[in-house]
């Protein structure tokens, strides 16, 4: 399974990938495109990646989680243009017990954010476009002439 | 929305119920019927409830989570006969940030297990039927004459 | 108002899961006389055939809420005796 | 074997996101001469037009793995300069 996808993500597919008769608890996380960021209305965004490295690091993170806890992990991150409400990232972790499933799911999303080379370019309602860096937005270009 | 359901549960319905343009993180939990319990192969199980109280307590737990964290919570628990791999309980929690979503999701499943009057009757591969009590199984009746 | 003769008051008890099987009923009526609180309900049930497995610390709900041993119980209350929970 | 005259060796650098926009390219070739490690790569990039925004602590990947400032770099390596990550 490729971890990066240009197509819309379906959490159900990830759930099916990790479910098994001996695993009773599945913790999952879905990140959705929000309609605002830093108080500004967002129209949409685009994700891009250093793809070979992103695929490799996703695989490493999953291997780490699966060796640290007795779980099965599935993960996908969307690339390309997304609109409000679309799924940016989906993670499903199945384990025999919920403690392990929750802990591993949390580990995977934190490590993904910290280590996977993916970038986000937001388009705001006013047409401004910015690269988002760890919660901040770095101004890249401003449309129009009215810079307040 | 009723919190108890005789019909198969669909996590996607719960995700749709909590998703909103301003909420970017959704933590969910699904409990599935496992094929074993205490080392014994399970064939299937039945959930029953003290329904009016179970509905009321589910509502209380959700209200507690939604007042403690800025999240929206959806929850359903299955009743009736279930086979291996079916969804017993599904929880979806959407928040602006994942910290809140994970914390509230965990709170809801823990409180549900602790406080909602639901009971589980497992049928094992050998035909034995037992009421499960907090991880233990209390022998209720044994089929056949060979009690080892 | 003068008292009208009527059937002696009862406490209606709902039973679930293993306790319903042990006592052979999902609903019981106990004479209200002598039952003042949750502890009294459990004592009375434990004295019934099959009732010995109902522990003194068993969960009891009064009007859909868990109730402590000395919570009052009267004939108008909805009383339920809950085996150890196993949802989720 | 006698050395055969050839093009001088280069380090190929991949650029992404904001850094690609700042430097106006998604791929650059830097003369390998004088580049021994990751720190040298960053210094060379920072001297280019538009390169000033690339901090000295910028993430660099060598052969798909994050590399420290004194990690060695040679012409056969795949080198990538990574703006602050924003996945998830």
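Think of it as A, B, C and D in the order they're written, each chain with its own count starting at 1.
Here, contacts are C-beta pairs under 8 Å (C-beta built on N, C-alpha and C of every residue); 3 or more make two chains touch, one makes a residue touch a chain.
Note that the structure is predicted; figures quoted are calculated from it, not measured.
S.K.: Tell me, which chains sit next to both subunit A and subunit D?
M.R.: Chains touching both subunit A and subunit D: none.
S.K.: What's the farthest chain from subunit A if centres are computed as the mean of the Cα atoms?
M.R.: So the farthest one, by centre of C-alpha atoms, is C.
S.K.: How many angstrom lie between the CA centroids of subunit A and subunit C, rounded to a whole number?
M.R.: Computed value for the inter-centroid distance: 52 Å.
S.K.: Distance-wise, how many Å sit between the C-alpha centres of subunit C and subunit D, to the nearest whole number?
M.R.: That pair's centroid distance is 76 Å.
S.K.: Could you put a whole-Å number on the gap between the CA centroids of subunit B and subunit C?
M.R.: Chain centres of subunit B and subunit C, defined by C-alpha means, are spaced 27 Å apart.
S.K.: Give me the residues of subunit A that touch two or more other chains.
M.R.: In subunit A, residues 31, 109 touch at least two other chains, as defined above.
S.K.: Mind pulling the subunit D residues that touch 2 or more other chains?
M.R.: none
S.K.: Following the definition at the start, I'd like every touching pair of chains, please.
M.R.: All touching pairs, sorted by chain label, are A-B, A-D, B-C.
S.K.: Using the touch definition up top, name the residues of subunit B that touch subunit A in the complex.
M.R.: 11-12, 15, 19, 21-36, 84-85, 96, 98, 101-102, 105-106, 109
S.K.: Under the definition above, what is the set of subunit A residues touching subunit D in their complex?
M.R.: 31, 47-50, 52-54, 56-57, 77, 88-89, 109, 112-121, 131-134, 138, 140
S.K.: What part of subunit C is in contact with subunit B in the complex they form?
M.R.: 14, 16-18, 21, 59, 61, 64-66, 80, 82-88
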